[in-house]
Every structure is written in C-alpha cells, then in structure tokens.
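So, here's a batch of structures to check.
Each of the two complexes below includes chain A, the first together with chain B, the second together with chain C.
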Partner chain A sequence: MTKTWFEQLMHLKSPTGEEKLMASWLKETLKTIADDVFEDVLGNVYAVKNPRREMSEVKETIMLSAHMDEPSFTVIDIDDGGFLRIEGIGDWHAVNLIGARLLFARTQTIGVVGVEPHVELADVAFRHLFVDIAAKNRKDAEQRIAVGDLATVHGAVETMTSDVFVGPVLSNRISCAVLLEVLQKANNQSKMVAVFTVQKQVGSRGARVASYRVNSDLAVVIDVTKAGDTPHAERPSLALGQGPAIKMLDATMVVAPTVRDRLIDCANKAGVTYQREVSPATTSDANALFVSRGGIPTGGVSIVTRQASFFSNMVHVADMKKAVTLLTTLVE
Partner chain B sequence: MDGKEFLMRLSEVPGGSGDERNVGKFLIEHTKNLVDSATVDAIGNVVLFRQGTGQINGPKVMIAAHMDEITLMVQKIDQGGFLRVVQVGGFDPRTLLGQEVVVHGQTGNYVGVIGAKPPHLSTPEERKKTVPLQDLFVDVAMPETMVQACIQVGDRITIRRTCMPLLNERLAGKAMDNRASVTALMVCLQELQGKHTQADVYAVGTVQEEIGSKGAQTAAFAIMPDVAIAVDVCHGETPGVASDLVQEIGGGPVLSFGPNIHPKIFTRLKEIAKQHGIAVQVEVTQGATWTDADPMQIVQAGIATGLISIALRYMHTSVETLSYDDVHQVGKLLARFIESLDHAFVEGLTCYLNN
Partner chain C sequence: MLLKQLTEAVGPSGFETQVRNLIYKEANPFAQNVYTDSLGTLFIEKNMTAKGPKVLLTAHMDEVSFMIVGIEETGLMRFRPIGGVDVRILVSKVVLVGDKGLYGVIGSKAVHLQKKEEREHPLELDQLFIDIGASSKQEAEEHVAVGDIAVFATTYEEIGDECAKSKSFDDRVGCAVLLETLKKDFALPLVFAFTVQEEIGLRGAAPAAYRTNPDLAIVLEGTVCSDGPDTPSHGQATQVDRGPALSVVDAKTIAHRDFLQHISQVAKDAHIPYQWRRTIGGANDVGAIHLTREGIVSAAISIPTRYIHAPSQVISLRDYKHAVDLVEAVLRSIEQGGFVNDKNMV
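After this line comes the complex of A and B, so read on.
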C-alpha cells in the first residue's frame, strides 16, 4: 500500500545535497523489489526492474523519476551569542519561516527561526532571520552545529481524515512513495528504471545526469503540483482528491501531445480519474530529463497538494493510489 | 514552390513549442525531393540530410532554424465557457486583446476571439493600463456545456492570421519568427541542387526554441556536426528604438559576432558574402544571443557555431514584418558557405583564438 510506503518514508528528512539518509534507506529497501540497485557519483539511487521475459523482446526502456531532496537551509554564520544565520536552498520566502522549527541533518539538532525586530513583515529577508538552538554562546553552539550544516523544516506528518495527510514539505516523500509502489506492483513488460534523484532544488542536477545514464525511450517525472481548490485561489484549478494530474505544462517544459496522450490513454485504460496540469509556476525535473542526449520524450504525473504554507502540505491518499495505478498501467 | 509562397503558407501553419508536428510535415513535404533523407527525431526535430559528394566523408555542417511559434494554452474553462489561458513563449500581452485565435481541440478546431472588459465599463485607472494576461479570455461563442465537451485544459491556442504581402517584397504575419528562417533553409537546399559539396548537410527544423532552445541542443548532440549555424530573426529598425539595437530591413543577412560565435565562422560568412555580392549587416552580441546558437555551441565537447539573422519588426506579435529579399539572401549565403566548406577549414577551427 502506498500509505505504508509513505508512512515508512515520511520521517526521512532529506535536504538538498545531503540526501543520504533517504538514499541509504531506499537502497536497502529496494533490494527486495528490484533486480538491480545502484548509486551514482551524485547520489542518485537507481532501481532496475527487468520484465519477466527475454530482454531481446523488450521494445522500450521507461524511466520513472522522483526527487529525494526537499527545499532546505544551510548555516552561513554562528554569532557570539550562539545564534545561527541561514540561507535558503530552493524556493523560500523568508517571511514564511518566522517561528518555524528546523531540523539540522548532521546532528539532528532542532532550532527555532526568529526574526529581528523593527523589520516590516513585507521586507523580511534571510539576513533578518536567525536560528535559536538554545545554545549558551558560540562555543556551545559549535558543539552541535558547523557552518555549512543543512537543515529542513521540522514537523510531524499527521492524519487529518482517513484519506488526508498533512505535513511540512512533502513533495519528495510523496513522489518517492508513489515510485516505490509502482516498482513493487508492476508486472512490467518494458524495462523499467526507477530513479530517485538528488538536487532538484538547485537546478535538477541529479535528474540531468540520471537521464543521460539511463538513456530511456520515455521518461516520466513524478512530483507534486499545487491545488487551486481553496477560496479565491489563483489558477490552475486542480483539486485535492480528484486524481493524479497529467502534466501538460509546467515552469520547465511543455509535454508533447504524443507523450501526454499516452499517459491519458493509460489513465482511461486503468479507469483512473485524472486531472490536466497546466501549472506555469510549478517546477519539476521534467526538462532536465527531456534535454538529455539526443532528446528524451518526457511527461509527468503529479500529485495535487494543498500548500497553504510550507509547514502544512495536504495530500489525498486516493490521488497517490490512482497515480500508482496509472503508472503501473504505463509500464505494463 | 518558390520561397516567398512557401514562407507565406508556412507562417499560417499552427505549431507551438512542444507541438510542431504540422510545421514539420509541411517542411518535409516541400523539401524531401531536395535531400537524401528527411526524418523526425524522438522529440520532433526535422532532420533533412544531404550527403556530401566528395570522395571521402565530408565535414558535417548543421544549419538550424526553429519551427515553433509562440502560442497560448487553455488553463481553465471559466463560467460561461470563457477560456482562461497561459502563454507558451513570450507574447506581448498588450497585443493579444482583439486577436482572432484557433483553439486546437482533441477532435476539432474552434475559432474564437480574445476579449476583455470594454473601455466604457472600465474605471479611468483601468483604462490607462494594459489588460494583463490573467484578465484576458478567449470567447469561442459556445455555451459552457458545449465548451466543456469540445475543449480541454491543456489544448493549444494559436493566432489566426493570413500572411499579408506588403509593398517592396515585405510580408506581415504571425510566426515569421521563425518560419522565415525555416524558409531560408529550404532556399539553401534549393540553391545546393546539382551542386557539389564536400560537406554533409543536416538542415534541421528544431523544436521548442521559444521555451529554451531545447530541440537545437538535443539535435546537435545527436548529429555532432563540425560546424553549426543557427538561423533566427533579430529586431528590424522601428520608430522609437535606438539605431544600435536594430538592423535594416532589406539590408541583407545579419551576421552575429561576439564571444558565443566562432570568429572564423563569422569571418568566413563575411568573406563568402563579399565574394558573391551579398550585402550583409553585422550585429555585435556581448553575451547570450537567445537563439539556438547558445546551446549548440556547448553541446558535448563543443561545436564551432555561427548565427545568421533576418531583421524583423514587431517581434512576438501577429504582424511580424520583414523583407522576403533578406530571407532569400540568407538562403543563398548559407548555400555558398556550405559549398566552401572543406576539411582544411574545419581543422583550422580548433585554433579558436589564432584568427
């Protein structure tokens, strides 16, 4: 069950550039469900699942990818009082972080984000933020934190209803859970390469090299996209619980009609309700997969999440399950 | 078909970034007799291949012109059946209001118009401002239920515009950026008919230039030519624009020069033009050219790259205006340049700075 994979994954915090906690858990787990598991020099984790027949009969290789990393922070300074200064990695608005708890990956230290007084809320930038780790002074802070340490937003993932989860920055874990289940379930007729990529937040660097390595006939990126079903929300009008969103366009690329129609056919064949994603503000690894080598036909399947803030992403289990069904149909 | 007619017809073919199929089909149909093979690659680039006629394998030259035009895409079907849109590529939203469009549905095409609130019903402040894209809508004159049945989120919308011949060989229409350059490729292939060239020629109609020069990058990777020339449009003189930012319309091919351009390709183009009495203009670009030339230069271990442009006014509107003479001269210059290519020239390209 997706829910189970997600529940296993949801505690694995994975800042961009230090995805090793997630990566090592994945490598261990994948051994039981894939034919070949390996890691590359950037830290991407690959799981190959060959069809149960002669490889010479296999007509195509399909790559499915999900990013392991989540938007994060790095420590740039520790002051005499033991307070930390940070910079964001990924798409952050500093003002949204006031009051957040951060978890520093290396030492599992928890910190609270404060803001200097006398700054108008609209003007808050990272230079106005500090992180309080309850240190007595610089020396005390340095016992636990070093400049360059990476952190993510800390917070529990909780069940709101039997169908809906909420938690901080879930994009990577939702996508990885879907990919894991496809890998486990699929009785694939094509060669399937699942790639758990690193460094999406800093320019899809993992996806870029993964696509070069796999050189697939088709690549499909699994990620999240923003819902527009809340009061006075801006377009697009995607809704929570209405099924996976088949990518038409995002900030990085336009999906070719042949690719998107193939995904739509799979959804129809599997009897899965789907939505159509036209999200010019949403980023993904899609373009990085697409422009590799001589061009890799690329599409995307997105999980619609409500993103009231970074701390509270809501996701509907049915959307994840339907995405699994759709993708399983694709590789079968 | 002669080049001018080809361009007029081709400009009217709908083909947005990511869905260039119709443009590719048109291009292949009208050039397949001029080349040894015409193929479409995995992402839609059209590769027209002409084998060199030398005893040994000739140098490889790729000439690239993007086939895609800027378009809109349906983002939402609003109450009343009005379509809300996003853009694929950079329209000037100021020019969208009042346009006729075609919505390309799954089972059929629907004509419509782009509307907004009329001036009579707008506040004085609103009247001073341009209507932003998010407030524009497409009216396809169907009741909402019918729109819901015929049109879907993700459907493409193109500008509906017949190419208009003006005086002095000038043409005005949509998508002259960059069908003019695609036409120059066709003219080049016509010019090479019956001529001996050492070089193997790959004339490529590339995809998705308007959203980041993607097709050119991947096509160049697959072909890995010794020399690559991008053909695109640049800004023509326009009232109110300083003369150093624009080129003369009807003044001939525009040769780019700058760090992203191989100096020896630039020089060779200039020399060839002079030899054959083709008037050229020079455009200096300090950095990125924002054309297919940019990614092609840094594919794999690097490609010696040049850029030829056609001056055009009112870029990214539905009345892009240029001189057909310039298009034809670019085609001729490309052909003469290709005829001049040999192994000695290609070997000399590695001495980048020894010019």
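After this line comes the complex of A and C, so read on.
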C-alpha cells in the first residue's frame, strides 16, 4: 500500500545536502524489494531490478526517479549567546519563517526561528533571523550544532480525512513512497532502475549524475505539482484527488510528444483517470535527467498537492495509488 | 617571487596565455606529462602509474577583467566587465590594456561638472571610459582594437604584518599553492589542472574533470572575506589570518561531508589553523567538478581575500602558507590510505 510506505517515510526529514537518514532507511528497505542496491558519491540511492538480464532479452532500461530532499537551512554562524544564524537553501522567503520550528538533521536538535526587533515585516531577510535552540551560550550551543549543519521545517504529518494527509514539505516523501510501491509491485521484464535523488532543491544536482550513470532508454520523474482548485487560483486546471498528472511541461523542460503519449497510453490501458500537467512555475529533476549524455527521453508523473505554503502541503491518497498503477503499467 | 609574477601576469577569462606560459615554465621540470585541452586548461601530471586514489588539484588562471567594446571619435574607449565586477569602484582606476599592456585610466565626467542628481548615484558603465592618452579614434586604433582586454594595473606588494596586495589573488594564490605542491613528491597519481574561464561560469573545470576522471578533487581558491569594522560575525564569510577556509555550502555546491570532515581533522591533527567559510554566496570550480560524470568527491580550500573582484585584493601570507601546509597534509593522509572513497557504496 502506498499509504503504508508513506506512513513509514513521513517521519524521515531529509534536508538538501544531508539526506543520509532517509538514504540509510531506503537502502535497508530496498534490499528486500530490489536485486541491487547502492549509493553514489553525492548520496543518490539506486535500486535495480533485473540488473544482469541480457540486453537481447529486455526491451529497454527504464529509470524512475524521486527526490529525497526537502528545501533546507544551513547554519552560518553561532554567536556568544548561543543563537544561530542561518541561510535558506531552496526557495524560501525569510519572513514566512518567523516563529517556525526547525529540526537540525545531524543531532536532531529543535530550534525556534526568531527575528530581530525594529525590522519591518516586508524587509525581513535571513540576516535578521536567528535560531534559538535554548542554549545557555556559544559553548553550550556548540555541543549540539556546528557551522554547516542542515535543518528542515519541523512539523507533524496529520490525517485530515481518511484520504487526505497534511504536513510540511511533503513532496519528497510522497514521491519516494510512490516509487517504492512501483518497485515492489512491478513484475517487470525490463531492466528497471529506481533512483532516489539528492539535492533537487539546489538545481537537481543528484539527478544530473544519476542520469549519466544509469544511461537509460527512458527516464520518468515522480514529483509533486501544485493544485489549482482553490478560491481564485491563477491556474485552475489541476485538482486534488482527480488522478496523477502526466507532465506536458514544467519550468525545466517540455516533454516530447512520444514520451507523454506513451504515459497517456499507459493510463488508458490501466484504466486510470489522469490530468495533464502544464506547470510553467514548477521545478523538477526532469531537465537534469533529460540533458545527460546524448539526451535521455524523459517524462514525468506528478502528484497534485495543495500547497498553502511550505508548512502545509495536502495530498490525496487516491492520487498516489493511481500514479502507482500508471507507472507499474509502464514498466511491465 | 612566485606570487608577484603570478599576480602581475595578465589573464582575463579566455585570455590566460600569459599565466599559462608562466606556470608551464615553473612546473615543467617537475612534471611527468604536460598538456592543454582545447579550452586552454593546463594539465600537469605526476606519478600516473602509482597506486590510487587519483587526485585532481585545480586552481583557475583567469581573473576578473574588461573587454574593449568600442572606440569613440575622441580616442576614449568603451568597455564591459569580463566576470563579476562592482561597477561603482571602477572610476579613476589604472588599467593595463591589450597585449602590449598599455597604461590606461578609467575616466568619467569630472565631479565639478556633474549635476546634483548625478552625484547622488554611483557612476554606471555607460558613464565610464578607458583613456590611453590617444587624441583620436585613429590614434587609439594604432594600439588597441575592439575585443582587446584590460586588467587592473595593481602591482604586488607586501604590506603590514605578513599581508600582501595584488590585483588577482583570486585565483593566482591558488595557482601558487598548486605550484608549491607539485614540486613535492607524493606516492599518488596527481593531476594539477590550471583551469580557464572560472569567472564567467566555471567553464574550464567541467571538461578538465571529465577528461581526468579523478577519484578525489581539491580546488584551491581565493575567497570572499568581509572582516572589516561593523560587520557582524554572520556577515563576514571569512576572516584574514585565521587560516584557510573550508566550504560547507556555497551557491553551487553542498560539500561532501566525509571528505570535508577528513580535511578538517587533518588540519586539527597537524595544528594548521582553518576556518569555516560562513556564507552561501559565491562559488568555485567545485560546483562544476563534483557533478561531472557519475559524481566526484570534491572539496574547496580557500585563502580569505579582502576586496575580492576589485583592484587591490589583500591576503595574509600566513593564510597562504597554511593553505600550502594543509594541502600537503591532506595529500600525505590520502597517501597513507587515510581517506578511502568507494564510488559504489553498497
């Protein structure tokens, strides 16, 4: 069940650049559902099915990827009072972080974001923010935190209805849960490589080296995309619970008709309702997979989420399940 | 003196010949193989048959500079920066123009003649020109052509307590560290790459890493430093005379934690001072190298450089010496099997 994978994954926080916690959980879990499991120097985790099948026996190598990382924060300074200064890694607006709780991955330290007084809200930048980890002084803080430590927004994932979850920055865990389920379900004849990538938030750095390594005949990126089914939404095309979105284009690439039509055929074959994703403001690993080596045919299947802000992403379980069915049809 | 020669050589991005020739002359007696690639990166190889890991060490030869883009009827020349330069600091600076290194001055309308509102804003590029003392377009064209380059004319001098100033410690100081390192013997296959076009988007480093395909890469840089008055600790990035800086996160790279940890431990064990680079702004060749092929374990060791990308950059010679020592200590540790990287970790 996708939900079960998601429930296991949802507590694993994975800041961009320090995805180790999720990577080690994945490596352990994947051993039971894939033939080969390994990690590369950036920290991408690979799971391969049918790795030693002769090329004459398989139609093609298909790579499915999902990113493990969340936008994060890094510590750039610790002051005498034990307060931390941070910078954002990813698309953060400093003002939105006032009062948020952060979780520092290395030591699982919790911090609260404060702001210097006398700064107008509209002018708040990262240099005005500090993080309070309830340290007595610098020495006390340094017991738990070092310059360069990475954090994510802290917060629980909760059930809103039997079908809808909400939590901060769910994109990575939603995508990874779908990929795990496909990997487990697929009884495929093709060589299939599942890649759990790192550092998507800083320009798909993990995906770039992964695509070079795998050199697949087809790559499909699993990620989330923004719903437009809320009041006065600018682009009211995608809706929660209406099925997976097959990528037409996003901010990083335009999907070739042959690739997107193949995914549409899979959806039709599997009897899965789907939506068409035209999201010019959404980033994904797609381009990094696409422009590797001589060019890798690349498409995407996205899960529609309502994203009020980074703190509250909503996801519908049916969309995840249908994405699994679609992708399983593709790789079989 | 190596630093003087290196920093006074002219080497805009894409025009690194003078620097390359200088480095070639200095490095050749110690090299097993020497070659350049089609972009102009200079490679010095040593012990290529030795047992690995193969280490790539790089520093970029190019510096921020200018290109002449037009010559006025008056003989005054319009120019544009090559690389990131703060235009506000250019007026009245002395530059060297073209292959012959003609002296020029960056001029503008005299302050007496500027209107009140003009004085309230920093001068922009279109209000600046380079004056080589020519009295007409024709006379200027006898010496300079559109497409010629210019660099700051600052000479290298040692100042104060073990400090030095020059126009191009970014990144001739890194080139100097590499040159000192390649004169030493290590039982490792080593490739020293003096890269091109770093200042305009890390262009030389990626082909260099692709070609050499190393197990480990170390980049030597001159990096941003802002430790002047009234700068809070979290705005400094680095401090002069506190030792070489190690990068954790910058605009193009999130460090390989295990290699970074190893380098800082080596520094501690050898009693070499080091500091963390405390900003996420700026980038260096690691940004291109670590994403090459299937990913390459890489790290940056930087010398804090005050007034970087400006006419007179200042470093501490003690930081420079400590960077040389740290690179040697790191290579010794790798030589002794102190850092092993398996590219496919099961």
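Basically, the second predicted complex is superposed on the first by the 326 of 332 C-alpha atoms of A that agree within 3 Å, B and C clash if a C-alpha of one lies under 4 Å from a C-alpha of the other, contacts with A are read in each partner's own complex, and residues count from 1 in each chain.
Please note the rule applied: a residue touches a chain if its C-beta (ideal position, glycine included) is under 8 Å from a C-beta of that chain, and two chains touch if they have at least 3 such contacts.
This is a predicted model, so every value here is computed, not measured.
Contacts of A:V254 after superposition: chain B is touched, whereas chain C is not reached. Using the contact criterion defined above for the overlaid structures, shared-chain residue A:V209 touches chain C, although it does not reach chain B.
Once the two complexes are laid over each other on the shared chain, residue contacts for A:G243 go to neither chain B nor chain C. Applying the stated contact rule after C-alpha superposition, one finds that A:V37 touches chain C and leaves chain B untouched. Applying the stated contact rule after C-alpha superposition, one finds that A:P168 touches neither chain B nor chain C.
Of the two partner chains placed by superposition, A:G299 touches none, neither chain B nor chain C. Of all the residues in chain A, the ones that touch chain C in their complex are 16-18, 37-42, 44, 74, 76-77, 79, 85, 87, 89, 127, 147-148, 199, 202, 205, 208-209, 212-213. Of all residues in chain C, only 233-235, 248-249, 254-257, 260, 276, 278-280, 290-297, 341, 343-346 touch chain A in the complex they form. Listing the residues of chain A that touch chain B in their complex gives 217, 235-237, 248-249, 253-257, 260, 275-278, 280, 287, 290-297. Within the complex formed with chain A, the chain B residues making contact are 16-19, 21, 41-45, 73-76, 84, 86, 88, 134, 152-154, 208, 211-212, 214-215, 217-219, 221-222.
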